[in-house]
Amino acid sequence: MILDFERPIKDFEDRITELRRLAGPSEELRGEISRLEEALDAARRRIYSNLTPYQRVQVARHPERPNFRAYRDALADDFYELSGDRVFGDDPAVRGGLARIGDHNVVLLGHDKGTDVNSRVKGNFGMAHPEGYRKVKRFYELAARFGLPVVVLVDTPGAFAGRGAEERGQAWAISDDLMTLARIPVPVISVIIGEGCSGGALAMCATDYVGMLENSYLSVIAPEACASIIFRDPSRAAEAAEALKVTAADMKGRGIIDEIIPEPLGGAHNDPQVTIEAVGQGLNRVLNGLSETDPEKLRQARYERYRRIGAHATENGQVG
Amino acid sequence: MILDFERPIKDFEDRITELRRLAGPSEELRGEISRLEEALDAARRRIYSNLTPYQRVQVARHPERPNFRAYRDALADDFYELSGDRVFGDDPAVRGGLARIGDHNVVLLGHDKGTDVNSRVKGNFGMAHPEGYRKVKRFYELAARFGLPVVVLVDTPGAFAGRGAEERGQAWAISDDLMTLARIPVPVISVIIGEGCSGGALAMCATDYVGMLENSYLSVIAPEACASIIFRDPSRAAEAAEALKVTAADMKGRGIIDEIIPEPLGGAHNDPQVTIEAVGQGLNRVLNGLSETDPEKLRQARYERYRRIGAHATENGQVG
Amino acid sequence: MRNWLSKRREYSRTVPETESGVGPMDSVFTKCEKCGEPIYEKDLRARFNVCPHCEFHYPLSASERIRLLTDSGSFEERDAGILADDLLGFENYRQRLQKARGRTGLDDAILSGTGAVGGKRVALAVLDFSFIGGSMGSVVGERVARTVELAGSEELPLVIVSASGGARMFEGVYLLMQMAKTSVALSRYVEGSWPYISVLTDPTFGGVTASFATAADVVLAEPGARIGFTGARVIEQTTKERLPEGFQTAEFQKEHGMVDRIVHRLSLKADLERLLGFLP
Amino acid sequence: MRNWLSKRREYSRTVPETESGVGPMDSVFTKCEKCGEPIYEKDLRARFNVCPHCEFHYPLSASERIRLLTDSGSFEERDAGILADDLLGFENYRQRLQKARGRTGLDDAILSGTGAVGGKRVALAVLDFSFIGGSMGSVVGERVARTVELAGSEELPLVIVSASGGARMFEGVYLLMQMAKTSVALSRYVEGSWPYISVLTDPTFGGVTASFATAADVVLAEPGARIGFTGARVIEQTTKERLPEGFQTAEFQKEHGMVDRIVHRLSLKADLERLLGFLP
């Protein structure tokens, strides 16, 4: 799939392919081709170094963007999936289990956006039901019981908004995850690899370390939905994305996340391998750092971290 | 409702009423009446002092037998019902909440068999679904959180056997209650006021104190069901009740329960008031005794109590 | 917030905002939007905005709610003067805040402090729907967290009354983080053994429901209150599914095991007194 | 027990009991009751009673199960010689016990002890369906409890493989109390940080499912195994409801969130090794 703003890049790519076809073995078009290749590189650089927030949102949603499955398969030496909330069902929108990452045994979980139509539909495009959040709670508690770190890969358009989800207590399940996250005495680290939208994302990223891929986003609401409410016009999503300050850079600048993990030129989907390795290195570094930390210190630090964040001031002006 | 074996009693009662009607204000039939009254009393004594196990089972199921609601209304100075399992629903087959019994604030719960056709159906005749057992778990944990004793009134033909119950993990919910009961550091006391059948009863009576009303029963299976399996003949339920050793006397004799609470002549349904008072006195006595006990000692004693019970012998004959 | 507006639109048909949150009562006598019966404003105020004819519960301001629940004169506000800061520079947010502050006389969509309920001292936080739809933002998050900590440090029971259309998206990710903030505070409070009672009123949605409002030992709700994560309107738009009568009402939530009791507003104080009487 | 018999009846059509629990395999070659294909007994034994054609999992004796799961020569039985005592004097119970002991060579429906799984030492208990339908009685309860305590005191992971038609009602209330006994033992074990893995095989019902078999950190199940509280037959009799295809199968239980994974018998040891590799 080609995003609109990627069109110029695609054009160069097509023309280069065409010329290569025409040239065949001959040396003739060599010059022309390398000229185009430079232009292609320049275009990539130009476009991707000036992405607007909404363009980043589109990159974050790119269907070829590496998702939970890709990271799991590449980064976990072994992954033993566990399932079920033990009360109602098993929600494929979130998956998790025991995994070995580097030298660390961990509980690995994340939103599963799937890889093809079937798996995308099965995983409800990464929008979890209460069963999903209750399975997540089970994973948190399993990790606490065995003293294993938790690694979460966040990639969701939000908690699912539907009848069944409301009937089975979507809000209760998310709240319960937040309460459990606050409590467990093991390192909990998350990386937002794509979309990080609404409480459905927060239930899995109120953690001791939060990394964001360069083109991922974190927002309380989808830009389109925000636009249709604030501006009464969904087509003004780009403005909403701008106003909501959803990019990794915004989050880092405001001290809400710990780190921006750079993506290759052209976005993660342009070179999944490199992206996944970058995330893997980050995870290993953080796991090495946190696995030594005293559990009580961890909880204390987690408490202070989230207790602090806010956009308010006391009357004497000093931010509380 | 008149049970078959109560027929002679009923006959005397009817004749006495009839004579009274005939006699009116006159003294004439006085002698005859008092003779009948003595016969009535004798019949009651004869019949009720020689109840077979299966007759007791029938008494335990008597529709006019005082049930959870009667005890709740008579024994709790105040009862604040709480509801819901926080994951799927609220099961009216078990009810519970905060209550004041004597000088004690407690968590009071029990099976609700209802008082009329509607409430009996609503309460599914005291047969709980997983929602019910999960609500019970919530009550156990609430009591533990606030250091309140738990008082359980058991009266169930068993956990419900049905499609929805299996789909939502009936066995998992019961097991979870047993694990929670074993863990909570507060006094947990139960009285079997009617039927105590199957794991559905055990999930609410594996407690620090277990009392049984004289005509209540405790069994792994309903005598009828046992008969149809073992004897291939449900009509042999009386034999099954005999063989299963389900009476309060059997349980006391085998050290499985702590106390038999006597019922008035003619059974609890013949004088609910007296029965309820007897249970109330028992509860107060036990609450006074246990509320002083150190929580760890309680858990330890509970562990030893249930760890011990069994019908097995090691080869050298000594019971393990 | 998406909820907030969808709700708000419905509301504006029935209850134009006024400082007290009371509906069309500014004339001496008016018609109940629900049952059509005439109501005298003084009757309505005397019944804390519950229709004397059909018992419909109209919105109630935080200050009136506090008057309803606490022993008279016992309430002491804490943490006044915490004001929202427009860190995102979101179009119109400052103006909206100004307008809401002017109209309600509140700093933000919350009042908090300590008060006595039937002689028992509690830490109390009350959200106010009339302030930008009771939407959760940094001030609501901060004052809820401080109230939770106050309850913990002074060993008091905690009572929070919620009314919220959802998230205040003008604050973007900051408000998302308020869910985490209130949760970390509560997770410490519940390590103690003092009770947390949550009261859900119409409407309670979004980040409030998905964090502190549902994490209580006992959850009470007012009759007919609409409670959920996502508002019915949005669900119908996204899923094209027709939702059943009474969807997301307090009664619906109780039936689904999420709420302990439905409590009429006029017996709410008595219920709290009973409840607190059983607990540490 | 009620389950046990309903199951047993179904079984006897397909799998007459033999010591190994293997079905109609006593001739050199036979027909799979499931797919109708011919099977050589040795092939079936080599595959631990899994049909080489349709992969149907036939019952497996406790001893064969232990041979399947533990490193060869590593298993040491514990608590042998604990025998059921007919305290109720229940009609025919003694005879049934004699018959079952003779036929299976077991003391009761369980083998337990310690063994190595891929070099890692574990406490292991395995129920045997061929002994009075794997029904739970005092001996099963006692040996499970002792295995749990063994795991706790020697700081070992705990693995329990269940196969049970349900309750052994000949022991009346005693067997009910085995549910409490195994639960109190487990509730102590899980205060430690060693894992408990439960494996559910066909069939697992009644008191076993409603106590220790489902109280595990990880619950695995064999393909097609029937798992539940009350058996399908009894449910249909009592509720007159037609039950759906696949009701109570392992796959059904996984779909309903009750089971972590369906594991083919021939990869069960490898799965346990992987799982234990992650855990303390």
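Think of it as A, B, C and D in the order they're written, each chain with its own count starting at 1.
Methods note: contacts are C-beta pairs under 8 Å (C-beta built on N, C-alpha and C of every residue); 3 or more make two chains touch, one makes a residue touch a chain.
Quick caveat: nothing in here was measured; it's all calculated off a predicted structure.
Engineer: Would you mind naming the chains that touch chain A and likewise touch chain B?
Structural biologist: C, D
Engineer: By the touch rule set out at the top, what is the minimum number of steps from chain A to chain C?
Structural biologist: 1
Engineer: Please tell me whether B-C or B-D has the greater number of C-beta pairs in contact.
Structural biologist: Looking at B-C and B-D side by side, B-D shows more C-beta contacts.
Engineer: From the C-alpha centre of chain A to that of chain D, how far is it in Å?
Structural biologist: Taking the average C-alpha coordinate of chain A and of chain D, the gap between them is 43 Å.
Engineer: Need the CA-centroid distance for the pair chain B / chain D, whole Å please.
Structural biologist: Each chain's C-alpha centroid was found; their separation is 33 Å.
Engineer: So how far apart, in whole Å, are chain C and chain D when each is placed at the average of its C-alpha atoms?
Structural biologist: 53
Engineer: Which positions in chain D are in touch with at least two other chains?
Structural biologist: 190, 256-258
Engineer: Using the touch definition from the top, which residues of chain B touch two or more other chains?
Structural biologist: Within chain B, residues 86-88, 168-169, 172 contact more than one other chain.
Engineer: Would you identify the shape of the chain contact graph, picking one of line, ring, star, complete or other?
Structural biologist: other
Engineer: All pairs of touching chains?
Structural biologist: In this structure, the chains touch in these pairs: A-B, A-C, A-D, B-C, B-D.
Engineer: For the complex, which residues does chain B have touching chain D?
Structural biologist: Contacts found on chain B: 159, 161-163, 165-172, 174-176, 178-179, 181-183, 198-199, 202-203, 206, 218-221, 225-226, 229-230, 243-246, 250-251, 254, 256, 302-303, 306-315, 319-320.
Engineer: Provide the residue numbers of chain A that touch chain B in the complex, in ascending order.
Structural biologist: Residues in contact with chain B: 86-88, 130, 134, 168-169, 172-173.
Engineer: Taking the touch rule as given, give the residues of chain B at its contact with chain C in the complex, in rising order.
Structural biologist: 78, 80-90, 98-100, 105, 131, 135, 142, 145-148
Engineer: Could you please specify the touching residues of chain C with respect to chain B in the complex?
Structural biologist: Those in contact with chain B are residues 190, 193, 195, 217-219, 254-261, 271, 274-275, 277-280.
Engineer: Note which residues of chain D are touching chain B in the complex, please.
Structural biologist: That would be residues 1-2, 5, 81-88, 90-91, 137-139, 141-142, 145, 167, 169, 171-181, 183-188, 190, 206-207, 209-215, 228-230, 234-235, 238-239, 241, 243, 247-248, 256-258 of chain D.
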